[in-house]
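In the two complexes that follow, subunit A is the common piece, with subunit B as its partner first and subunit C second.
Here is the complex of A and B:
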């Protein structure tokens, strides 16, 4: 769009007069400004409605949410936009529940992203080694991604069951019964159990992204590394993985944005009150807004979440912009 | 015109639900509720069938918002009330759970046209008070569940040699659990800590058992300083910490109905639950009341009937005022409560409902209710405290379910109730 605007203004000053893409025949030097207006006007129906819709429903809603967070709206009356202040944000800072939820959200964000990337990379490399039934394995690893969180949350609550769950049964079977734990009720493990389950679900996605990255690397580089006598580990570490930076960045951004939105999984397992050990901002936001009708406070939490998402995605967009890929 | 359009539909309108387009005429009653599980759904259908028989001119748009204990309904209804597009009526816990609605004045006062003299005289005091949390009648309670039950598997208790009716107080229950643990392989007390509310309701019941219902009601009243009950709060928590030694190991990974299933298959001896749990026993095969299972009031609460109710309300900006009034009036009749409650597994809030459609268990509950000295409302099920306080209590108990830290939880409860 930026390019077309530039062309528009460039054209307006009368120094670019090449063929019109619409094949119009009336373009003469004198009439060019008018003709460009015509083109501009003709393009309006194509981009104005979506721009307005996105503007209203995405950016308008975000703006409204921020506005609500500045009021002190609660209950089922209408908000009072007359007195706006930051009291909700002040309340956040001193709220132990918020601090716990914020900390858990950050832990989830970092640990889940790192773990999924590492597992995804490992699986992608293994699959890229030209194993048999490659397509089959790829499907197997990607399948969890296609399941609803409601389904996987129930699965995992069964698997984590301390008495009859697969995980503890397995630990006992291999003689590690001492490691069997109350995975989703002991506050020490609760959040990690959730992170592990989410990693299981998302590492398949990372695998696909990495696999695409690996496939883009020419075979000559593998061969050259071999010829130069590099071991397999060394080859991956020095030659292949450094070339996967773009895959890592895009997968990491998707994972981190997801981690901020992870709601379904926790809600299915623990309802709207997971307790301080596993509470995260999105669940807390829901609880404040819909269980206790503290709309302004819920909006303030939503704004914090939005700022975090922006913090994740803005550097990525900026780098893309600098590279001219945007 | 709109009225005509509504009337032409006759008495159809089955439980297809879904749309939620709001009432499209004064003759269409849109009812939003969370009763979608087995027995609940049938109970609601029985109620609606009765309503359609009486008022064949009203079309019913049955629009459920599934999700246990209103978790989804809350969001749906609150959004619609805020947008001034409420359904004709919706299900909600009466009592303090209505506070956000009465504070914002979005519910119609139905003291004149629904709560007639006849109805006021017929309702029992507990439900009647819950119907007017802010002084005016705004809700019609339709059922009463009892919360302070101790259900048990008779065979397991016989094997252990424990007579549950001889346990006089919450302390005595600890000894009984010890005996069961020694004498049998069964889990002495089935429990679920995946959600916070089963432990919260256990705590309020133990508190009543140790401190009495008056102290409990005082504790939950607005304006009481909860700190004066600190010792009682702590003592009840400590008792639960003792019970905890006898919970099933997987309490944190199962839901309440899975825990309740352990009573049915004999893996566990007892469970504390509301009497909605009995529905599971009734539908189990070869599992009969007084034969395979039985119930005693939770030790120490013999003369108390902790009540958990559901009600319907009349939101303002109502799409179908006439139909809503008819429906609410109907909910307050003997006919409605006789159809609904036996299926739901609850007892009617009216005194004059005949006992014959109710099975032996509910009949015995009705007798207990009539003779109960106290009918306190509940924190875990919304009638005793506003949602804000309930949410803080749930947070406190979600933490307690993991760390079992009595001191910190005591402070959490005091802080939550102070709000």
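Here is the complex of A and C:
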């Protein structure tokens, strides 16, 4: 049981073994593709019902969403599928609030992903130094991941309170009171305040992924680096971190896709109008569709979000597929 | 246990060179200083990760007057202690807590079960083309829900669940929750399938083959061999899914209109919006709403970690 969990743990986060440079070799425990058709028929009752649900709710809905984005449906009526055109997309291009939201989404995607990966890596390396109470520390660092964004948004709105929030109190306590800001109402800092709080919540996840990657590196490599007289910093930079590419990739994909769909946290903090400084596509989509009932326009924004997500996951899944790691 | 087999553990004294006492002592001292720095960094990180929870917890026990006068992470001052916010928060969220439980428990169990079945059919039963079907499941993990939100509401408008269920009044009364259950099950299947597949592909093929040669049917192999071995991965999947479903706001926001069907995240968001200056009530509410997932996390942290790691 222990061993199989380990394998899952390592395999799930793409450990370094998977990154073998022998490209095309498909390494699976499955039997040859030449199986009896009887097997196919017998497998149907197991996967068809779930596949129908996924097909309808995921893929059917995505197609339907694209279709709606081609209509001009708004208000209380029903979509008219008779006249389809790209007018909603034309409207997007000239909409200043869409351009602002698009830019903010990209800033969030890049900054949040980089920050979470870097902090997660640093924490994983600290944890991996053979410390005591490792489980305790790990449990604390991952704890924010178990909380709802509604809960963490409430905590952080209190953290960022300009008068008595922990952030400003801390800055004043260490003599940096001049840096105290209206973190979540000042347009200059809003988005960064969100990014920092989300980093707080997700860096524990990155730590888990990196830790699995670190644990998959054979001990001999640490020994060899030590024998060569490499300093600890050098050992990590030259030997260890380059082997964590697979962990970085899979964590980055999850973080980027999350950044695209991040909604709950911003919605609880700002409602459906975060203002141009912190508006992102997922919030804008909700506002257009569900607050102002511009359904077709909201669907068009959703299609853009889907295309962005596809741009992140398609190359990743393709590479996974080629390596036979699905 | 993990600490002992961790690579790169600095010498703990025993493997220093005992013939050179001086350098050994020096090294020990240098190691000691580095160890202290290491633990200092780890403790600082603990403070960083826990400070929002700690200041929230302290604030929840302070009176309105006290929390504006004191530092947020300090304990309540004399005379400023109160448990009133907890009772009020619980009172306001109790309907939401019940609805969230009615939603999260069945949705979690169903999505795990369907994921287990799908993963078995796509992993341990061999047939051509299963990778293509699997790819659609895996891609489903990464779909931004915004891309399905408008059709989803349209779907549940067209499929009029309350009138479909009118023959069963108790179910019809909770139609909103049932819509949410079906929705969460459908969008949960991709991740549960991925989690189960990672586990099932490690199962011993020869064992399953032997059972097949003995004439056991595909269903019998699942029921008698695969399912009994799935305990650990069911734990991981159930814990992961429970946390996800309990914590979700977006689906509830667009699907729930009846206040009687409010789940706890919705109720908490309403509470935040209506009690803008009552931070003690907000914090107590946040803890009340988070309590089930916190409890699950504290009890099953290891499984939760495996769940989130398996997402990638």
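One rule holds in what follows: the second predicted complex is superposed on the first by the 284 of 326 C-alpha atoms of A that agree within 3 Å, B and C clash if a C-alpha of one lies under 4 Å from a C-alpha of the other, contacts with A are read in each partner's own complex, and residues count from 1 in each chain.
Note that in this section contacts are C-beta pairs under 8 Å (C-beta built on N, C-alpha and C of every residue); 3 or more make two chains touch, one makes a residue touch a chain.
All values derive from a computational prediction rather than experimental measurement.
Engineer: Just to be sure I read the superposition right, which of the two partners does A:65 touch: subunit B = first, subunit C = second, or both, or neither?
Structural biologist: After superposition on chain A, A:65 lies in contact with subunit C alone.
Engineer: Counting only touches as set out at the top, which of subunit B and subunit C does A:290 meet: first, second, both, neither?
Structural biologist: both
Engineer: Who wins on subunit A residues touched, subunit B or subunit C?
Structural biologist: After superposition, C is the partner touching more of subunit A.
Engineer: For A:186, using the defined touch cut-off, is the partner it touches subunit B, subunit C, both, or neither? Pick first, second, both or neither.
Structural biologist: first
Engineer: Now for A:99: first (subunit B), second (subunit C), both, or neither, which partner does it touch?
Structural biologist: neither
Engineer: Can A:219 be said to touch subunit B (first), subunit C (second), both, or neither?
Structural biologist: The second partner, subunit C, only.
Engineer: For A:165, using the defined touch cut-off, is the partner it touches subunit B, subunit C, both, or neither? Pick first, second, both or neither.
Structural biologist: A:165: touches subunit B and subunit C.
Engineer: If you stack the two complexes on chain A, which partner ends up touching A:118: first (subunit B), second (subunit C), both, or neither?
Structural biologist: It touches nothing on subunit B or subunit C.
Engineer: Would you sort A:90 into first (subunit B), second (subunit C), both or neither based on which partner it touches?
Structural biologist: Once the two structures are laid over each other on A, A:90 reaches no partner at all.
Engineer: Of all the subunit A residues, which ones make contact with subunit B and with subunit C?
Structural biologist: The overlap between the subunit B and subunit C interfaces on subunit A comprises residues 157-158, 161, 163-165, 271, 286, 290.
Engineer: Would you mind writing out the residues of subunit C in touch with subunit A in their complex?
Structural biologist: So the residues of subunit C in touch with subunit A come to 2-3, 6-10, 38-39, 41-42, 45-46, 48-53, 55-56, 59, 67-68, 70-73, 114-115, 117-118, 120-123, 125-128, 130-131, 133-140, 142-155, 183, 185-187, 189-190, 193, 195, 198-199, 201-202, 205, 217-219, 222, 231-233, 236, 243, 246-250, 253-254, 265, 268-269, 272-273, 279, 282-283, 285-287, 289-290, 293-294, 296-298, 301, 304-306, 308-312.
Engineer: Which residues, counting only subunit B, touch subunit A once they are in their complex?
Structural biologist: Interface residues on subunit B, with respect to subunit A: 71, 74-75, 78, 81-82, 100-101, 103-106, 193-196, 248-254, 387-388, 391, 394-395, 398-399, 401-403.
Engineer: Of all residues in subunit A, which touch subunit C in the complex?
Structural biologist: It comes out as residues 1, 4-5, 7-9, 11-14, 28-31, 33-35, 37, 39-40, 42-51, 53-62, 64-65, 68, 79, 123, 126-132, 134-135, 137-159, 161, 163-166, 169, 200, 204-205, 208-209, 212, 214-215, 217-219, 222, 250-251, 253-254, 257, 260-261, 263-264, 267-268, 271, 281-282, 285-286, 289-290, 295, 298-299, 301-303, 305-306, 309, 312-313, 317, 320-321, 326.
Engineer: Quick one: in the complex, what on subunit A touches subunit B?
Structural biologist: 75-78, 97, 157-158, 160-165, 182-187, 190, 269-277, 279, 286-287, 290-294
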